[in-house]
Amino acid sequence: MIWSNILIYFVIIPLLMLGGLALCKNIKQVRAVAVVGATALMALAIYLVVEFLGLRAAGNDAEMLFTEGAVMWFEPLNIHLALGVDGISVVMILLSAFIVFAGVFASWKMDPLPKEFFMWFCLLSTGVFGFFISIDMFTMFMFYEVALIPMYLLIGVWGSGNKMYSAMKLTLMLMGGSAFLMLGILGIYFHSAPAGQPLTMNILEIASNNAVPHSWQYFLFPMTFVGFGVLGAMFPFHTWSPDGHASAPTAVSMLHAGVLMKLGGYGCFRIAIFLMPYAANELAWIFLTLTGISVVYGAFSACVQTDLKYINAYSSVSHCGMVLFAILMLNTTAMTGAVLQMLSHGLMTALFFALIGMIYGRTHTRDIRKMGGLMQIMPFLGVGYVIAGLASLGLPGLSGFVAEMTIFVGSFQHADMFHRVFTIVACCSIVITAVYILRVVGKLLFGAVQDEHHRTLTDAEWHERLSTVTLILAVAAIGCFPNFFSSIITEAAEPIMKLFA
Amino acid sequence: MEFTILMYLVPAMIMFGCGIYGFITRKNMIAILISLELMLNAVDINFAVFNRFLFPGQMEGMFFSLFAIGLAAAETALAIAIVINVYRAVRNVDIRQLTKMKF
Amino acid sequence: MESLGSIIAYFIIAIAIIVFSVLAVTSGKILRAATYLLFVLFATAGIYFQIGYEFLGAVQIAVYAGGIMVLFVFSILLTHKPGANAPRLENHKLWLGLSAAVLGAGVCLYSLFEYGSMMVSRMPDNFDINIHQIGQALLSTDKFGYLLPFEAISVLLLACIIGGVVIARKR
Amino acid sequence: MELSYTVLVLIIPVFMFLFLGIVGVKLSKKAAGLLGTTAMGITTVIAYAAALTYFFGADQGQVVDGVRQQLTVLDITWLEFTKNLVIKIGVLLDPISAMMLIVISTVSFMVHLYSLGYMDGEKGFQRYYAFLSLFTFSMLGLVLATNIFQMYIFWELVGVSSYLLIGFYYTLPAAVSASKKAFIVTRFADLGFLVGILILSFYTDTFDFITLTSNPQAAISTAGGATFLGCSVMTWALTLIFMGGAGKSAMFPLHIWLPDAMEGPTPVSALIHAATMVVAGVYLVARMFPVYAVDATALDIITVVGAFTAFYAAAVACVQSDIKRVLAFSTISQIAFMITSLGVASPELHHGVGYMASMFHLFTHAMFKALLFLCAGAIIHAVHSNEMSAMGGLRKYMPICHIAFLIGCLAISGIPPFAGFFSKDEILAAAYANSPLWGVWLSVVAGMTAFYMFRLYYKIFWWNNPDYGHHTPHEAPMTMTFPLIFLGLVSIVAGFIPFGEFVTWNREEYIIHLDWTIAGTSIVIALIGIGLATVMYRKENDIPERLANQFRGLWTAAYHRFYMDELYQFITHKIIFARISKPIAWFDRRIIDGTMDLLANVTNSASFAVRRMQSGSVQTYVWFYIVGAVAVAAITIICLI
């Protein structure tokens, strides 16, 4: 019975929240429902981690755990609601829960239409969690779409600036990616089993059958990789990201950069690479080149931007490029690094966007040329911003360092010279990152106060502090105790990367 | 001279052609309705004529015409109600003016 | 060989149909167009009488010429100033209409004459259909009975009446 | 192991950092300062205990067969990359780390104490102490590192502490840009360090110092003579790692951040930018020395870079007018001495004495340079300016400071019996042993050192008596003078430590013999330098002015530090920003994004084009319908024919 599976509740809770919100009468009830739901999700995620580690410690070394209770959805195409998690999904779920929690507090004073905002927000969360818990390709794809669509309204209605354009652009580009993805998934499905056996959508079964013909893999691998790569902001399909993030409201930026972009990396790995190892090995160099460009290119672009959100969006391009880059290295350490980078980037970008949202909410500008000396006026936000910046440029003790170093060391272990040279190219980004981060920090927080009107502004309120502190603690936790996370991930990545050994 | 089926079909055909022409060219809603009636009528004739000439022992064609006449009455009544209503709203029955619900 | 009277009647009917159809769709004055339509309807009824469907012809006159035309005339009078001329046709509209009508008619006529070997068959004589049979058929539930469509039509008419009232009612 | 309490020197400062950082603002300034200083005092005691136990304590396996052992006191797995590549956080005690423990804790404690007076009344006093604790933690972690990656971690952390402390006066644009510059330049160098680590670990499959250094030949043979662009990969790896060290230690051409870093509070300059952090590069090379020793090319590169920097920095120091800048360039020059000394210290020559000399100089330099900086701080505190033109004749107003400064100057110039003499003499001996060229070169630089230091001394304490008005300079408070006195005493006696008994490249004992020909020459050269300075600067006169006019071009170039900053400015702004970043941003907006927008626009105009078909006019639809039906009919007919 599926109800006995703890994973299903990651989808049920957001849906219940959705229902609860629909009944709400005023902002107080809306907040109460959102906080209760987000807290429940976080508690459930932590419980899941504990349970997962317990099972692993007890010697359960199946590739996926919590797989009981698959429900048939659509017989002709053999689509199931099949659940299951491995170490990688578990940490991604934990990440999502954290960001949803922080996101709720970051959008505490959402205006207008708070109820509707939170409803879409819940739907988005449903999609995100559903994606991570599914092991059925089609169900994954469905949840993927569920997560994408609310974005259009969230940006289009609650955004700022050129929001209609951005919302449209974001949705259309991601939908374009989905089209590739759909083709890829169907292609895989129709080659999912050796001749004569029933076809399947279940990822584990497809992987163990390993029946996709090599000639087809050459075609389907780019399809799926690009399809997910669009969401992972792979060069040259990244341009939705700067515009989209710049226009999105705070919590949406957080969730989008923090979790949604991770769906791209996760999908690339879970579907493209896991199911088509042959083509992954053969074609990796093309995408390595593209992602390597992403890494450096995004960082250079960020150097000359003047809008805070644009800077972060380009830095996301760079950091997410690093994720895909590491995935394509096809070894355990780099893969672990990629997942750590997803975690780290998710948390610190969410932190960044939260802080930018709070600053923007006060100064009503995001142009760094018009701000300065904010550290004197809002020390809490300033310190938070500096910490986020330091995490982003890879300060040891915060998450960015751990992730980047794992990626670099892992990538450099590759036997091929080409890969190692590209690793060095990617390493260069740490310097450029320092340049743009310090440039912003210097202009925005330090120096003299640019605009005398800013002197009257106030520092963070309690809900903003809570949101910020939650994320900072998470960032520091990964940074200080990386081996806890790294071992969970490594243990999940190892069996998959055996395909390439 | 004998009456052949063709002799009835050709006028019906012309009536139908006129209906098409009228429907496409007229701008007055009532005129369009009139064109519509012409087309309906042409079809009715065809039903009756085919029945009479090819299956004289049966009555399906005739009944079809019969019901079609009934339907035409209903349709016209409703259409005219709409026309009058539209006229009340915009003081006009010219279809070029009725673009409120376009796009 | 038909009687001369019926031949003359046929030609009058055929010519009336053709001429008044054309006039009904080309006339600039809407009231005249309605009148031409009335003539076409009468002519149609004539065809029904000629081929022996007296009941159908009667219905045609009663419903169409009697009922529908009255509606037309009333609505025209309600919505038009007397004597108003329809605006001149734009050229492209004219060509649009003509092309569709001529093309349609052309294809139909071509196929009528090309495959019309059975089309030239005579009117069968063995024909006796009376009002009694029609009445039986209309209200029977047998194989060739029409009770269901009959009732359906009556419900439809009722719905139409209600609908008409609702739509046209003053708010 | 008994020495495991050493780990406390890491835990106390990091706890202090978190405590002061989080709840510091709630504390009063005095409480925060005293708390920080007390904690630092305890740390110092523990550090001394650990170091002294290591050197002199009862046998705990420190010395086996006359060789001091490297003791891994603690090693916790922090992050596991692969089975062998593991980052551990641990504590490694060996002669150099024990020596560094003493240096860092001493200077740091002095600076903590000194800052109580110097930073009194500053805004953000608590923050200052939090950052100092962070720095102390990072620096101690760096020297105690058991593996190269741990070193890299703390390497980054000291970089950040340095960034935060340089930018302490964050409202001043100069401080902000200086801190930014410091971070980015060292970050760039760290890139080299990181890549070097990657290459090294790829071929040796370990990060661990002991494994690396105990059998460096094995590493070289694993690399199997692999080459890249004509050099062996080991040379690449070692040179890149040295690049990291060169960045932190401000070697030419990565030195440009250090003079600007003087925008930070003066005690910070004394702690970070004179005594401890900037010698991290020297320490790194020393730590890896057995590996460097088998790669002659890498050592040659180190020697050349060090020797050139020593001369360059000394030349620039001769004409600067900001006293902290003079000290900064002097620091660069002195660190370059240490680097050169390591470079010329091949084990075959003279028992690898260069290594010992380098460490010795590191030790003495830390003491007297900290002393000089703290004096400079006291002077700046008194006259509220960094410029020499605002000073003069201060010996009457600040006697303690005067004496302390003089001791520092004598020490750095290499006059016996002050500390600098002994260590510098060993460096010169090592250089002469390697090649007379380096020996003569360094001797000349030593002379220049004596000259510019005494120029500084005379300009501050003699020269003329400007009118200080009612704002008469006065001696600093006790918290500030005590460190001066203490460090002055250390600077006098430190030279007599038999350093060779403690620190040598192979950790065996080595008895220092003074080579009096070299020592004598260097004393003479130093005296010439001092004499020249005395002639030119003791009394106010126009000799310097005339000389400057005589060599106007040279003087201007040196004053502008040979335009290195302008060069960097040009490269970063005109080339990287204007020629790379801007075009990339443009390319992104116009070409990449333009392509996406173009796609959208094409779709849009296409739909506008077909929109006319969906006119909403039923009559047009009917026409299409009829024509379509006719077409179908026509096709059917044609097919039937």
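Think of it as A, B, C and D in the order they're written, each chain with its own count starting at 1.
Following the convention adopted for this analysis, contacts are C-beta pairs under 8 Å (C-beta built on N, C-alpha and C of every residue); 3 or more make two chains touch, one makes a residue touch a chain.
All figures in this text were calculated on a predicted structure; none of them were measured in a lab.
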Comparison of C-D and A-D (more C-beta pairs in contact): A-D
Centroid spacing, where centroids are CA-atom means, of chain A and chain B in whole angstrom: 63
Separation of chain A from chain D, taking each centre as the mean of its C-alpha atoms, in whole Å: 37
Euclidean distance of C-alpha centroids - chain A vs chain C, Å: 69
Chain centre separation in whole Å, for chain D relative to chain C (CA means): 102
Touching two or more other chains - residue numbers and ranges from chain D: 619, 622-623, 626
Chain B: positions in contact with at least two other chains: 20, 23-25
Residue numbers of chain A (touch at least two other chains): none
Pairwise chain contacts under the document criterion: A-D, B-C, B-D, C-D
Of chain B, residues touching chain D in the complex: 20, 23-25, 32, 95, 99, 101-103
Interfacial residue positions of chain C with respect to chain B in the complex: 1-2, 6-7, 10, 13-14, 17-18, 21-22, 24-25, 30, 33-34, 37, 40-41, 44, 47-48, 51-53, 55-56, 59-60, 63-64, 67-68, 71-72, 75-76, 78-80, 86-87, 89, 93-94, 96-98, 100-102, 104-105, 108-109, 112-113, 116, 118-124, 126-127, 129, 133-134, 137-138, 144, 146, 149, 153, 156-157, 159-161, 163-165, 167-168
Chain C contact footprint on chain D (complex, rising order): 619-620, 622-623, 626-627, 629-630, 633-634, 637
Complex contacts: residues of chain D adjacent to chain A: 77-82, 85, 87, 149, 153-154, 156-157, 160, 163, 167, 170-173, 176-177, 179-180, 183-184, 187-188, 190-191, 194-195, 198-199, 201-202, 576-577, 580-582, 584-585, 588, 592-593, 595-596, 600
Residues of chain C defined as touching chain D within the complex: 93, 96-97, 99-100, 103-104, 107-108, 110-111, 114
